[in-house]
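Letters are used for the chains, namely A, B, C and D, taken in the order the chains are written, and counting of residues starts over at 1 for each.
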Amino acid sequence: MAKFSSSQLKILATAAIGGLALAGCGDSGSTQDEAAGDPQSGGTLIYASGDAEPDCLDPHYGGNYPQGLISTQYLETLFTKNEDGETVPWLAESSEVSEDGLTHTITLTDGITFHDGTPLTSEAIKANIEHLQDPDTASSTGFLAVQKVEEVELVDDLTAELHLSAPDNALEESLSMHWTAIQSPDALARDVQENCEAPIGTGPFQVDSWDREQQINLVRNEDYVLPVEDPERENDLAYLDGITWRLIPEAATRYAALQSGEVHIIDNAQPDTIQSADNANIGHLDSPRPGASNRIELNSSQAPFDDQLVREAFIRAVDVDGGIQALFFDTAPRSHSLLSSVESLGYSDDALFYRDVDEANDLLDEAGWTDRDDDDVRMKDGERLEIVMPVSTNQSVPAEQSLFEQFQAQASEVGFDMQINLLDLSSWYAALAEHNYNLVSAPYTKVGPSVLRILYHSSSIEPAPSGYFANNAQVDIPELDEILIQAEETPDGAERADLYEQAQQMVLEDFYVLPLYDQQNHFLYTADVQGMGEASAIAAPEYYNVWLTQ
Amino acid sequence: MSQAAVEVKNLSVSFPGHGKSVIEAVKNVSFKLTPGKALGIVGESGSGKSVTARALLGLAGGQVTADVLNILGTDARKLPDAQWRELRGGKVAMILQDALNSLDPLRPIHREIADALPLARKARKHAAVEALRRVEMPNPTVRADQRSPQLSGGMRQRALIAQAMIGNPAVVVADEATTALDTRLTRLVLDQLHELTTQGIALAIISHDLAQIAQVADEIIVMRHGEIVEAGLTDQILERPSHDYTKQLLAAVPAGVPRFVPLAREVSQGATPQAGLPRSEASRKATDELAVEVTGLSKTFGDHVAVDDVSLSIGKGATLGLVGESGSGKTTTARMILGLTAPDTGTVHIFGEQFTPAKEIERRALRDRIGAIYQDPLASFDPRYSVSQILINALSQGTTSRARQYRKRAEELLETVELDSSVLSRYPRELSGGQRQRLAIARALAPEPDILILDEPVSALDVSVQATVLDLLDRIQLETATSYLFITHDLAVVEHMSDTIAVMTNGQLVETGIAEQILNHPRHTYTQELMAAAPTWGINRAS
Amino acid sequence: MHIITWLARRVGAAAILLWLVATVIFIAIRFIPGDPAEAIMGGPGSQASAEALEAAREQYHLNEPILVQYGLYLGKLATGDLGTSYAQHRPVAQVMAEMLPATLQLTLIALVIAWLIAFVMAAIAARSSRIGQAMGTIIEVIAAAIPHFWLGAMLIIIFSTWLGWLPAVDTGTVQGIILPAVTLAIPLSGFLAQLMRDSLLTAMNSPFALAARARGASEGQVFFRHGFRHAALPALNLTGWAVAASISGAVVVEEVFARPGLGRSLLGAVLSRDMPMVTGIALFSALIYMVVMLVVETIEAFINPAAARGDDQ
Amino acid sequence: MTRTGKFLAGVFVALIAVAALFPSLLAPGSPLAVHPAEAFESPSLRHPFGTDESGRDIYTRVVHGTADSLTIGLAATGLGMGIAVVLGIITAFAPRWIDSVILRGLEVLYAIPTLLMALIIIAFTGPGTTPAIIAVGLSTAPGYARLIRTHLRTLVNSEMFDAATVLGHSTWRKVRNHLVPNTLTTLLALVTLGIGQAVIWASALSFLGLGTPPPAPEWGAMLASGRTYLHFAWWMTVFPGLAIVTVAAGATLLGRSVTRRST
């Protein structure tokens, strides 16, 4: 079996540090790209998160991105992605797919133990998949990822067979996400609440304690075994003594804390602070999330966006580039694709998306919205051209909210009456469930292009028992449905790529979607932090190889 | 002993006034304080007597100048503050007026008494207890730990005296030490002050009340507008006053002056007071008709019995004086008669008609026949109303405060109470105390009432102003045969104003009778005590 | 009245008040639109199954008659059980017990700072000229008119970003609490100073101050023996209000300075419609208010026994 | 008040009134128009208060926001005062037991800190401008009710009222002649003092994302968006905040002078 350097296995996110000299290092003149001397052990990394405090540290439970960010430090997955974007084994040593595509055989790496001292065996695969599928776990992201697994059969101590209900060429990608990370079967058997407080995995760090609303304390796993050997490492232990995962939701405060050196790393970095980081000797890590891009979906199931002309008119009316330029500086490149730029199968068509106010007006005239009311809003058959956009304040960063505000002002110039409703997450879900929206921005993170089926297959219009559905544009094209299913089941890579391209073209050209940019995932860190850049399959930074200069 | 303890020659005190003007509060005042002797300083408000007193402790504020300001052998004219403090703490002491507020309500009185002593904590407290014992404070060890709100008025006054005496002073200045005290308490304090002089202390006693000062002082100086108008031995001032103002002051004292004899008079014109007497008595028709008849009024607040089974009656055109010390239930009785407080039991009839208990709406027809005047007239006026609005509002039954039709009548009312019609456009707060009380009387007269309830109407006024108001009330009664219920704690006033007198204590009416009998032959022990405590007043009225 | 009787009466009144607050909140919660069970499971977007909803109803006794629910609710309150947070799935009492020390620390330090600032401001203003007093008034009014969130932001810019003297977030050190506490204290000190200055002026011009001077006390002695007490009394009286105001302010300050605490818990609970948490914090803040009032009244009873038992006189 | 003080107060009131009623006289531009190309400009002659993240002129927004912020402050104070007056009248004139029941109730509400109460109300209503008004109004009402009750009780038990009773004036005339006029001044003072605090509370709610939503130029909402860019564009935070402080402090000073004049 080939041995890889762990750093080559991982996605290397683009990291750069501004300024030439590190503070206090004088003549060493080292930058992040060169090594700042040899890695040193010791020190606690202080991480400041702007996300809402997780309800549960076990990413099986629910399964949102903040859980993914933190669990990356103490849990590991069966597979991961290498820097070419290929899915490669991690806790798994190897895997095989049967010819009918219905059986995946996974063999685990030997010699790995959980934080509780129990060894990693095939029993863990079974326990974890069953845990994900157990309704009591209340898993949503992980649950969808292993939806097709019908049964896990233990072959021997390290080998398990996963029997599927239908072929799924995205299964390994799904198992590279931390929402399906492997935890100790003993720990999973505990009470849900207990498992939430301190999940037990195999990662280089482990959960020590959780001071609510303040911080989560992670300490080094002193018995860590790197599943894949790394010749650069003398031993397998993380350099850091631990990580203090602080919760500082206020963006300005978080940045101030970074500037004054009270914290080493902040996430959810605001565009303006990223831009000024260059002058402040602060490093920047841009780690776009996989899956869908950040985009506005136009609800085609009801007036006025059931008319393609009106959808196009809206897209023509708003100035996406200008807004992104002003609000995101150069930190968020414009996207013209349904998929994240890290997805190799993404298809992009920039010719479709440009601003032309005259054309927007013509399109609306053509669509029959020719009357105007006292507020200069277009009317047709006595109906006002009203469009509603519920915005989740938990999901859309301030800059994005401002961007939507600009769209609101620009859309009104051509006669739309656009309302933005800022909502908390639960009200936002409710607004979607009640179909009380014409526009929506709903990020979706998943590794691989199979996210397209979740987002645009007509079956995703059908709400789950809870009322949630992922096809927010309500695209309902039988031909597209077929392509998406086929793409997921084909064993042929080239055919898969071709099918996904067709699917993306269909959605983009009918103006169901206005792509904006990648799902932003920016980190800023002080000059003390060395070795930044590695990230998990879901683009969460890893701190295994990170160390602090004293 | 004839060596003066304090010598003051040509003392002047001035304060900066509005803009660059200067207010001369005290002008060229000279006097001496002698050990074992008491000097009385008499004057009405604004006479400069308190400023003079405070100048003796270096607390006058303002600009102090004097040819001589010799305190116990020290030239105090240019004394630095630190030395003043030494003097104040020890050799010179002051007893302040307003006993309630002169002791910090937040500190135990032993601290208030002894915190200036240069002793250890325990010794200070011990000294305070001793000082309290010397002023005959009951239960001194317990009282020493209490704070002033827990003490009765008499105890507070004793504590203040103890405070003054604790440093064994050679000079004591008592500034209005008896003002606002009840009769018996006044007596007590005066006795204690007198006691000080027998101990060889040089005492200065300052008051607006000539009668009280006369009880203690060996010599008296009379001040007016910052200047001494007359000085001399007490007897001389009382018997043979030479200055008109002194005479006026003496005449204004109502004690011993018969009914309807004017108190305020221009002495220089030599008007004979007796001259008015027969005429006025003659004009009062004897009648049996009762204006007010009160039977069995009682009122309890919580577990405190404020008024207990009070019955009284007032004849038409007559005055009933209701006397009692503070807290005796006088005011509650008045409020029940006025229908402002509902009695628990008892009735009030006005000219035979039932006034209480009754619904306000039934009572309203009778309201025109009964009016009221209070101690603090300002509080009874709407601050937003001018004099004319107040009167028009009263004249119009509250329907308007502007209508011109009432203006003439308003002017007539002002004339009745001897106020100039120029005050119509002014506001009550711009008037003097005497003018305000006249305005209150004018308003009360608006509905032409047959009965006036007067609750301490002159207690807040200077003696000379009090005299004019009392004269006015007399005149109105003579002219209109209005019945008065005259409530006061001042025996001299009640003596002068009443046909019959009722004495109240602890909510009960202990004695009722014609004035002469109550004053000269009291039957109830309380009344006897009260009369004994009144200042003996032996001046020659015929001067 | 004996001090014990007095205290017992006060405690009884506070208990009744608390019961009233609890009842008001119970009734109010019944008015929330929507299914409480759904709220328990995290709102309409939580994808909760019908079984899960039913289980929640069972767990929270939502199927019982309203009076039974009320009884259960009061019974639980009496034993200190405030229910389980919908969002955090932990006992509300436990969450509050964790958050309380931080909030108490913040508000108490802020109160002390506010008192100090107010006292110094009042003392300076009370002893200065008319123009000085007018300036004092304006400074006090402006201090009282500064919103916490803005003041906090300004202090962060100045002391943390520009000068780099103090940390912008709570670091668990003494320096870390300075900015939040000062942010909370300044508007409060404006209110307190206005009050203190008035009573200070009154006290320094009162007859007992004159009496003290007459028995040889220096201005400084008069100030500390008399003026200070009288200035402190109304401010002390206002402590209940001040604590309440600080807790209000703590919501914002904890948010701005990323401090854990009751205020931030409440904000989070409001945003996620976590009603047990909201209820718990509301009840608890009422309890704090009452305890503070009780303590204040007890202190006052010692400073000024007669006033506390006013009906005795 | 001194002459200069009166003059300054007059200018202040006039300026606020113009800003609230005819904002275009002071700032002719549109507070909502976006110019992405002019985003984040620091204060200059063209943009005296700078521009925000969407290139909107902050000076224009602050001026146009006066109406929004004051309306919320006024409406909330009006609501709180309205409730308070009704409760105050009931407690002042009703029989003792009703008075003590309402008084207990008020004490209950008074026991909960204002912003907490507002947050609790928002927990029921959800965020927005109207909920913010209701929340601030309701949470300030208990304080006002206590003040008004005391005021009315004092008036009803005053010698001024007694004097009118003795003169035989009916209750209605006493209310009309004395109670209403004397209470109006007090109410005016209370309202003026209250608006300042209401503006602060309402903006606090907006700041927490529970009040008026963007892009309305409400000051609290502007601060909320400004705080994101605190380190980058301080002017987005400083000027709306100064507006709040100015109006709140101005209203307080004005209210105090009204109080002083009425006593």
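Throughout what follows, contacts are C-beta pairs under 8 Å (C-beta built on N, C-alpha and C of every residue); 3 or more make two chains touch, one makes a residue touch a chain.
According to UniProt, the chain labels map to these proteins: A = Peptide/nickel transport system substrate-binding protein; B = Peptide/nickel transport system ATP-binding protein; C, D = Peptide/nickel transport system permease protein.
Keep in mind that what you see is a predicted model, and the values were worked out from it rather than measured.
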Centre-most chain, if every chain is reduced to its averaged C-alpha atoms: C
Chain separated most widely from chain B, comparing mean CA positions: A
Between B-D and B-C, the pair with more C-beta contacts: B-C
Centre-of-Cα separation between chain D and chain B, whole angstrom: 48
For chain A paired with chain C, centre-to-centre distance based on mean C-alpha positions, whole Å: 41
Length of the line joining the C-alpha centres of chain A and chain B, rounded to whole Å: 88
Multi-partner residues of chain A (at least 2 other chains): 250, 252, 256, 259, 424, 427
Sites on chain C at which at least two other chains make contact: 153, 156, 161, 255-256, 271, 273
Pairs of chains, among all present, that meet the touch criterion: A-C, A-D, B-C, B-D, C-D
Interface residues, chain C side, partner chain B - complex: 206-208, 210-218, 221, 225-226, 229-230, 233, 303-307, 311, 313
Chain D to chain A touching residues, read off their complex: 32-34, 36-37, 39-40, 53-55, 126-127, 209, 213-215, 225, 227-233
Chain D partner contacts - residues on chain A that touch it in the complex: 250-252, 255-256, 259, 270, 272-273, 275-276, 319, 322-323, 325-327, 393, 398-399, 401-402, 405-406, 408-410, 420-422, 424, 427
Chain A residues within the chain C interface of the complex: 48, 52-53, 55, 135, 138, 140, 193, 196, 211-214, 246-250, 252-254, 256-257, 259-260, 262-263, 424-430, 432-433, 464-468
Of all residues in chain B, those that touch chain C in their complex: 57, 59, 81, 85-90, 93-94, 96-98, 101-107, 111-112, 115-116, 147, 149-150, 160, 163-164, 167, 302
